[in-house]
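Each of the next two complexes has chain A plus one other chain: chain B in the first, chain C in the second.
Coming up: the complex of A and B.
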């Protein structure tokens, strides 16, 4: 029994708090990250910057393969292997240009992804699934009891501590892949990604669309930041309590999406014309001004990938490789 | 061989009933340089997009009639094939650059056209040399100045060795020094007899490098003249929104030519307003985390004045504005002392500062968060709990927005969108308006409209601080100029006092309207 059980036993407080949790639960990860790193922080964590560390010297194909291997290993092994992989990858951010700052950003992003992942799993996990992980339901700790009509939204009647733990475990599948994908974007130029994708025979139009997205993401955050600030300048949140400020910030961010996207679409048209009038898609392939070779770091990375695959096999052989639901917390 | 041969051309965009461009007959010979002028929306972009094949291959439109570019019909030729004949440089340097480094950007087209590696390197170096960016090849494109970016884009086009070049307002979004760099290149192209089609508003600057001027209005060619005939047609061009320097009218009146003596020309400045009530005073210091000072200056504004803030890119103009309104990048540190109408706003929150100061960014479209014009203007009033229907109506009337009040602001024309943005910030209560490069990328017709709007608002007591490189706009509509250099306001005075200073061009990167040079040199030789 938790000390706040009287709150969910009283229908009025139960309803009010449940709805607050419902809305804040969805918004909390976004608010947390906006509050801590801001929209400009997002911009920094999605933009390539020149650097001298070994990650910048590696072939983009190696980095892409590493992301794929990590995704596979995190998907087929026990949660703590995913957690260790996540930790390993985010430590690599320290080797980047302005590494401490980027490490802090990715740590916060990982933290909020864990909260978001947990929240999208925990309230919906049926007891039957939880029992596979935590076999004794009698030992479950009830954190909150939802009003009965929440069941229509797919909620379980109770939120337990075990469901939250299970949610955290699941989220480590996302975090390993997320941090590895951002690592690729932060250490590889769009031109090199283009060359790599062309080598892999991926259609140019598809590559170009992806890269326009990669190039545009930092700009999106910069424009959203301007739009949000302009709304506050025009009086948004005027005279309101500080506690509501995050809600207004979130509101401003959401309504800023339409003008930002429209603005970017206008620019995207210019980029498309510029590319097509410079021979883009003239042939199925492209030649390369510089050949992307493999260096010693690539070979080390191949070794790491090989070990990760062995690890995944061994984990499965020894019972640490089950997919949902997990065993072995 | 003819570069361009058009007969009975009609271009109609999908969903439109009337053609947006109609040309009965037009021939441009190989090696000819042609300047295209006209208001925004007159059909200039439709014209050049039809030549390079973007219409109808990328932008859907029905193209009737005959069109031949170096003997090829752009409608039936893939764009990449046309790009070997005709290179296109667009207006906004930032939007057209795709690659991270300059060398990759210059090589982009060559890689697309499958040139061998060794040839790519040689061509990249050659075109970089032509546009003067050899020293920038290893630089990151996002750290270049506007002029350097535009030269990089141009090098990328030139590397493909097209027979003709289309330059679509190549200097609209770059500073005066970058503009001068691009115009210097035009001289080279002309010497090499490369065919050129240039869309450009700065007629007087581009004139030495062209043979012919075509004026497009309302989708039709209304004037097709040799450059020597411009003086005779100056009235006509001016009436159709082309930026014509005053001395052209003098030359016409005195029946003179470009080589004539202009010592008798007198440039008359408009009357300047001088306010005597201090409305804003600020001491601003902005520095980076590693201690580099970006801004360290004081600023004061008097009620009803239209003040221009000028200086080189990177001088700290936009940073100064952002520091005062409170929207600085959080990577920067600042110290601000700000008083507006005797109220200390140094520590005020954004919404409180916004009650006194409005800020119009260059990309003001991102302001529009409501789906109708009237909701957009009412946004600030409603947020501040002082919504008044009569007041809203007054703003709609003041900015001629009554007819479009139910329309989505994002779908309006550039001029209308700017008016909605301006009305919105004034409706929030602001009496001081900061504008960041509001004339960038606009033709003279629209810049004049903006100037008149600003002057009209000054009459009701609004004070303006406008960051701009547009010296003609400043000369015609502003009361005072502040010049920034290395984070400090170092010069202050009436536009004519600033523009007449000898060191203004080299020392501060400000290019005065050519009238001042004509007055100084008594001829047009400085342009050649």
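Coming up: the complex of A and C.
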């Protein structure tokens, strides 16, 4: 029994609080964290920068394979293996250029994924599923009881502590992949990604579009940031209380979206002319000045991947496989 | 064992029979090949089209995984409101309005998925998710482009003639459009209807295909049909309204970009 049980036993407070939780869930902590990262932070965590660490020297195909292997291992093993893998990958960010800052950003992003993932699973997990993880329902701690009509929206009648723990366990299967995905983008030049897709026999037209996208993602954050600052320079929120600043910031961010889209789309024609004048798509293939090779770090990575696969097999053999199913997302 | 995180469960409680899903995607693929063969496949997209698609996909990724998921926290977390998804709907429709060639919807969703994998998902569950999104959301946009004869949202209709002969606007309105660049209100109405149709179609795949088939197929679990139906009904009004708004925004952006 929790100390606040009187709140859900009284129908009025039960309804009010249930709707507040329904509407806002875990919004506030996530909001605070994303606020700390900011637009500049998102730009830094999606943009390639030159660096000297071993990740910069690896073949992009190796990095791609690594993230697929990590995904597979996290999917078929017990949740804490996923958690350890996540921690390992996050630590790799320390080897990057300006590593501590990137480490901080990716840690915060991962934390938001964990609590976001937990909340998208916990209220919807039926007791039958929970019993696979926590076999004795009599020991469950009820944290909140929803009004009966919440069942219509797929909610379980009660939210238990065990359901929240289960939600966190599920989210660790996603976080390993999320933190691995950005490794490739942050440590590989656009030209190398082009070579990688060419090696994988992806049609040139598609590769071109993907690379325009890869280059554009950090630019969007940068342009939005500039546009927001310009609006403040022109006097947005001048003389108003500092408390209202986040509201103006948000307003400026939303107002900045359409001009940013138009600015980028207008620039598309210039980019198209410059690509066409260099004979883009004049021939079916491309000639290469540099071919992608494998270095010692790639072979080490292959070894790590091999070990991870062995680990997944052993974990399954010794009963640490994924015995509980996903529900919800 | 699973393949890239996909378990391949086909007999979970409540799951849509796999035969139905296979038939849908086989028909969709046939459509893609038929259109591709008729129009010359990827060659018909000019370089600038490919750049529009790339930029659009980048915007959709930034919106869906960063800005939209952030802004979404200011709104109630219910199936009635999906800020991230709506942003993608608007951006894909803007790109579709700029390019207006059958195939742009599918190519946009394809590139969006690859970018989403590079920045977020790490190619987990692929190629299944890319095929699913390309041949549902992307295909629906292309069907509407095909139905409008490449004049999506009334963009590119000249002299008030739709399909060559049908008079869409009066002589005066057509002259106003030619001389002053003024968009007649009938074009906005037409765009709103097309946007609403696309919005309605976009409400279907997530509850029906994802929740009732791909989710149990990939991860196991069971299908709660109460939630499937509730989600479907809850998605429709918002998606239609955003589809209409997206169509109107598209007309303005197409004008501003000069497409």
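Miscellaneous remarks
Operating definition for what follows: the second predicted complex is superposed on the first by the 254 of 329 C-alpha atoms of A that agree within 3 Å, B and C clash if a C-alpha of one lies under 4 Å from a C-alpha of the other, contacts with A are read in each partner's own complex, and residues count from 1 in each chain.
One rule holds for everything that comes next: a contact is a pair of C-beta atoms (placed from the backbone, for glycine too) under 8 Å apart; a residue touches a chain by one contact, two chains touch by 3 or more.
The model shown is predicted, which means the values in this text are computed figures rather than measured ones.
In the superposition on chain A, A:213 makes contact with chain C only, not with chain B. Between chain B and chain C, C contacts the larger number of chain A residues.
Applying the stated contact rule after C-alpha superposition, one finds that A:190 touches chain B and leaves chain C untouched. In the superposed model, A:13 makes contact with neither chain B nor chain C. In the overlay built on the shared chain, the residue A:232 is in contact with chain B alone; chain C does not reach it. In the superposed model, A:75 makes contact with chain C only, not with chain B.
When both complexes are overlaid on chain A, the residue A:5 reaches neither chain B nor chain C.
Look at A:181: by the touch rule set out above, it reaches chain C but stays clear of chain B.
By the touch criterion defined above, A:223 reaches chain B but does not reach chain C.
By the document's definition of touching, both partners, chain B and chain C, reach A:281. Contacts of chain A with chain B, set against its contacts with chain C after fitting on chain A, overlap at residues 211-212, 215, 224, 258, 262, 266, 268, 271-272, 275-276, 280-281. The touching residues of chain A, when paired with chain C in their complex, are 22-25, 27-28, 30-31, 34, 42, 46, 64, 67-68, 70-72, 75-76, 116, 119, 124, 129, 151-154, 177-178, 180-182, 184-185, 203, 205-206, 208-217, 220-221, 224, 250, 253-254, 258, 261-262, 264-266, 268-269, 271-272, 275-276, 280-281, 325-329. Residues of chain A touching chain B in their complex: 38, 40, 48, 50, 189-191, 211-212, 215, 223-224, 226-227, 229-239, 252, 255-256, 258-260, 262-263, 266-268, 270-283, 285-291.
By the touch criterion stated above, chain B contacts chain A in their complex at residues 49, 52, 54, 57-58, 78-84, 87-88, 90-92, 94-101, 103-104, 107-117, 120-121, 124, 140, 153, 156-157, 160, 325-327, 329-331, 349-351, 353-355, 358-359, 361, 363, 365-369, 379-385, 410, 424-425, 428-429. Of all the residues in chain C, the ones that touch chain A in their complex are 1-2, 4-5, 42-43, 45-48, 50-55, 57-59, 61-62, 66-67, 69-71, 73-74, 76-79, 91, 94, 98, 107, 110-111, 114-115, 117-125, 215, 218-222, 224, 226-227, 230, 249, 253, 256-258.
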